[in-house]
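The two complexes that follow have subunit A in common; it is paired with subunit B in the first and with subunit C in the second.
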Partner chain A sequence: MDSKKSNKKAWLYLAPAIILLAIFSFYPLLNTFRMAFLNGYNGMEVVGGEKFTIGIQNFKTVVGNVDFKQYLKNTILLCVITVPISTTLALLIAVALNSIKAVQKVFQTVFFLPYVTNSIAIGMVFNAMFTQVRVGSLVQTYGIINNIIGVFGIEPINFVNSGSTWGANMFVVCFYIVWHALPFKILVLLGGLQNVNKQYYDAAKIDGTSKTRTFFKITVPLVSPMLAYVIITSFIGGFKEYSSIVGIFGETMGPAGSSGQMNTIVGYVYNMLPKSNLGNASAASLILFAIILVVTAINGYVSKKKVHY
Partner chain B sequence: MKIVLQNLTKQFESRHKKGETVTAVNNLDIEIPDGKLIGLLGPSGCGKSTTLYMICGLEHPTSGKIFFGDDDVTELEPENRGVGLVFQNYALYPHLTVKQNILFPLQNLKGDQKMSKNEMLDRAQTAARLVQIDELMDRKPNELSGGQQQRVAIARALVKTPRVLLLDEPLSNLDARLRLQTREEIKRIQRETGVTTVFVTHDQEEAMSISDLIVVMKQGIMQQIGNPQEVYDNPQNLFVAKFLGTPPINVFSGKILGGRLYIGDDCIIDIPGEADRDVSVGIRPEGFIPDENGALRCRLKNIEVMGRDCSVILENDASQNPCIRAIIDSDISVKTENGIASFNIKKNKLFVFDASTEERIYF
Partner chain C sequence: MTEAKKIKAGSGALNVDASKKAQKTAKIVRLVITYLFLAVMAVIIIFPFYWMIISSLKTIEEYRENVPTLWPRNIVFENFRTAFEKANLIDLFLHTLYVGVVSTVLSLIVTVLSAFAFARLNFKGKGLVFGLLMATMMVPGELYTITNYLTVSGSLPFLSEPISALDITNTFAVLIVPMLVSVYYIYLLRQTFMQIPNELYLAAKVDGTSDFKYLWKVMLPLSVSTVITITILKMMGAWNSYIWPRLVANDDAHKLITNGLRGASFATENGDTNYPAQMAAVFIVSIPLFLVFVFLRKYIMKGVSRSGIKG
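Entry: the complex of A and B
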């Protein structure tokens, strides 16, 4: 066929996708860059017909903001804590699931349930589990977690209510994220495990390989492509963490009295929008983008060395 | 190391509750002499691989015993049996180099057996040299050809100097030329190490060419054991006769009548003292001698010249195969009369089997 003609056809077929992408992805993306570099941009023309000047004022404001620093710290900590824990747990659970035959399907379903549950709803349930209901300064009832740790003789801890510490809040959020992240990881890793040829394990058995050595020398390397995928996606997800905190603490992003205590970078971006600080919001988004880019690049570099495709 | 299988039986439970259990290996009694190369031969599903897996310990027998020398190893875990196994698809760890793959079994050793790093490297190097891959030590398995992978798998199986080497369909993943070469190689490695070796195959040519002993199996039951030539020359039943030999044996429906063996109306030979009954007659392709006054008359269909000898395609109403194939010297001419060629039959290439039991009738 005439190549010019076929080119035209190709563009025609691609057009719906390209148009949609252009309107809803490319344009917003580029516009974010524009807004980030217009000093003090607020979405409206400056009074008196003045134009916004181009510069890095927005970035300076964001980076100099005390709250933003706190949010950045929260976000990074969330990632650093939850990604290793949830990945390790998911791998162990997947290996365990893979080795049982009888009720595998049942457990698979049970472990998958968090994935199909709304994250705000889960957050509210977590709040209820960790809460303590007070009248005045007197605690009336405790949530189930405090009841359970009470059995072991541990004093009740104020996890999420007014006056709770940053550390206690962090614990709850991490707990939530790990639990919520497990199903997808288990699913991916289990798929990887089921693809591993059983003969590798037979060969290992004949050579008298110990369970631990089999796990680290055979299982982990053979599912390493899945592990790499899971780790990269969960870092990206972790840096975008937001809805879990809304679910647990509500829009205040922290316990009553210390709102914003658990807020994240995405939370900061949302905060800026109603205040017409579009410039700051864009700058924060770009900072987040840069962080994710760097982390993913590091991930990619490490996995090139460690992953066996 | 002598291997003795005693009444070895393996049954698999059906996956459905009411289904029948499948007997993969049925009451197998084999004694494998020390330092020999043994081929387990049979069509797929005959239980030969299951037997191999029971010898190495990956499958547990339903009943019966396995001895290595005088040790009863039936209840031993695979790693304590001292076996090396080469898998059909080699099962080389894809993420490890050739060297790491060969070292892997050594690194598992514990307690007194533990070796120093140099000792392990020495052993790996020796094993690699034996199979001639010592120049490929730093490659990954996916950078090797099938034949090279096969060698690595053998080196890995041999590096612990096992008492018994087991090979599961060692040549099935190789192309035809490599197969010829590799089977010589296996024979050589076995001779050099002197390790008792059992290998499984469904290819009779492969088994016959390199084995000291072959064991022919069918549906979990041993049919015959013996050295390849002996089994070929003296099959105990029709199955063994049909299974060995290329081109395959020609089988005719015949009958014994008054002490004579008939194929169709042709009286082939005298079998004095045998009761009258229906029989199957097997004649090896090389058992035909063209003779104008020969006993067996067949319609000549075609002659395929192959240089050294030629293959004569014949037809006979009593034949159980669609066509009969005879191999004769190319300088002997086949004379026909009205399209009918006559042959005398070499007596030692003709076997008679009972039509219903398929057991050999000796005469």
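Entry: the complex of A and C
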């Protein structure tokens, strides 16, 4: 009797969360699978009793779509470029921060700054830094970044304006993503470093181990759980990348005249939505889910072998 | 120590001194490189903020100079007025504040109740339900968005017509209700609750205190800092949300600040972008976040270091 009563009470406490999750998470999950496997599904059942056939037509359409291939390529490249760069930089910064005493707190504060920002808003700032200012068709300035690289004798590059190349756009997007990804990673890795037992380093010092060797043989293995964690989260974040690009290029997801040049898988899903291509949107989102699952699994497998706990 | 080694050590007294010196120089060089590296990275991190601020204070003529100035020659505040007018920032701010406050309060209620159930109550299927909830953290939100978009516009499955009475697009409710439950917040608060010793709960039970009273009088006061963390992250979520609002409530009466900022046109009469005004708008939108950063940083850091979820 008593356990029945406490069961009931627990469910009462959980009810609001469970009901909301059922409507806005569990049902959508199932419904996405349903829509993805109904050929050409457009959101509503056909009037007059005709049924959508079950099949994998939506997946074929999505995979065969030229735009989707381009967006998939963009997304994968974004991940492959930004994750190693931001992780390495964050590790170096964290190690550097951990090795100093004076003004450590000041630097730590500065490096956390990009975390508390609006990714659309700061994306617009990055756009402004890279953009050529034109009045009519006349270029007035090539943008501050071009001025800076000009100091090193590099010719002005059209980074984000109309006519800019895919590579130039990619550079700007990756630069922004790395910049934005640093604070979280530095925070996690520094936390890991500060928990490392100092005895390991003292032992290495007595043995006369070189700094480089200490870094690769002691520091990296000891923070490897945190490294694995930031790598997996940034891969997942990278595959879901969307709003950074909206910040830089706006809804067109590319420079003027080449809209969609920088679009991603998530962007493809949202492109399909208002057009009621819901079957395709669902199929694309399931492909994204599958990619994330595979990446997570690979990461889990690799870390099991390499991570020291 | 053998005889030979002793002799060697003796004659090497000078060498030891020299090598100590070399070690000291190496240490200094390493320190200089470390600080230099950190300083360069810090400049790269700060530069966009610096550029945003100085650009918002320039006249458009100065902004368009061939070689941009690194500090405005004439500081003007006119861009801020233009920004407020062109982007309708006050309305956007009020909408966002409303959505942020209401969704934070409701979300906290839901989170506290379920975190309490998971942390303190025993019931059948607890492990299963908790596992199920945790598993949803793996699923990308885009998967939900498609169906939720249909649900809030009244399109239910197996019907051929949307039900217009269920259409809640372009309301504030649509911006609040679907986002109320965050499994991550439940998890975070449950962890905090679990740290409170069970003896307190049992003692309260013996005294005949009700569960609800215990939650309200003992557990919540002991978990204030996690509650603050959740509040900040939730408020920042409203401030920074972009995709869902654009999809379901992008009319002028409900538009949120980020959508308004990205959608606003900052063109001059000739159709060129008025970058100083745009940067002023970006600056204004960033100010509340800067304040959060300055005063409440430690709460966010606490939440962040436990997860990869962005605010």
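Definition applied: the second predicted complex is superposed on the first by the 287 of 309 C-alpha atoms of A that agree within 3 Å, B and C clash if a C-alpha of one lies under 4 Å from a C-alpha of the other, contacts with A are read in each partner's own complex, and residues count from 1 in each chain.
By definition in this document, contacts are C-beta pairs under 8 Å (C-beta built on N, C-alpha and C of every residue); 3 or more make two chains touch, one makes a residue touch a chain.
This structure is a prediction, so every number in the text was calculated from the model and none was measured.
With the two structures aligned on subunit A, subunit B fits next to subunit C without clashing.
Of the two partner chains placed by superposition, A:C174 touches none, neither subunit B nor subunit C.
Of the two partner chains placed around the shared chain by superposition, subunit B is the only one that A:G208 touches, whereas subunit C remains out of contact. When the shared chain is aligned, no partner comes close enough to touch A:I76: not subunit B, not subunit C. Among subunit B and subunit C, the chain that touches a larger number of residues in subunit A is C. Contacts of A:S6 after superposition: subunit C is touched, whereas subunit B is not reached. Residue contacts after overlaying the shared chain place A:P221 against subunit B, while subunit C stays out of touching range. Using the contact criterion defined above for the overlaid structures, shared-chain residue A:I23 touches subunit C, although it does not reach subunit B. Once both structures are fitted onto chain A, a short way to say it is that subunit B and subunit C open up an angle of 70° at subunit A, using Cα centres and rounding to the nearest 10.
Within the superposed three-chain model, A:M44 lies in touch with subunit C and out of touch with subunit B [touch as defined at top]. Of the two partner chains, subunit B is the only one touched by A:Q199; subunit C is not. After superposing the two complexes on chain A, the shortest C-alpha to C-alpha distance between subunit B and subunit C comes to 5 Å. Of all residues in subunit C, only 30-31, 34-35, 37-38, 41-42, 44-49, 51-52, 55, 63-68, 109-111, 113-114, 116-118, 121-124, 126, 129, 133, 136, 138-151, 155, 157-162, 177-178, 180-181, 183, 186, 211, 236, 239-240, 242-243, 247, 258, 261-262, 270, 272, 275, 278-279, 282, 285-286, 289-290, 292-293, 297, 300-301, 304-305, 308, 310-311 touch subunit A in the complex they form. Those residues of subunit B lying in contact with subunit A across their complex are 56-58, 77-80, 83-85, 87, 89, 91, 93-95, 104-105, 107-109, 160. Against subunit C, the residues of subunit A that register as touching in their complex are 3, 6-7, 9-11, 13-14, 16-18, 20-21, 23-29, 31-32, 34-35, 43-47, 89, 92-93, 96-97, 99-100, 107, 109-122, 124-126, 128-129, 131, 133-136, 140-141, 144, 147, 179, 182, 184, 187-188, 191, 211, 229-230, 233-234, 236-237, 239-240, 242-243, 246-247, 250-251, 266, 269-270, 273, 278, 281-282, 285-286, 288-289, 292-293, 296.
Only residues 197, 199-200, 202-203, 205-210, 213, 217-218, 221-222, 224, 308 of subunit A touch subunit B when the two sit together in their complex.
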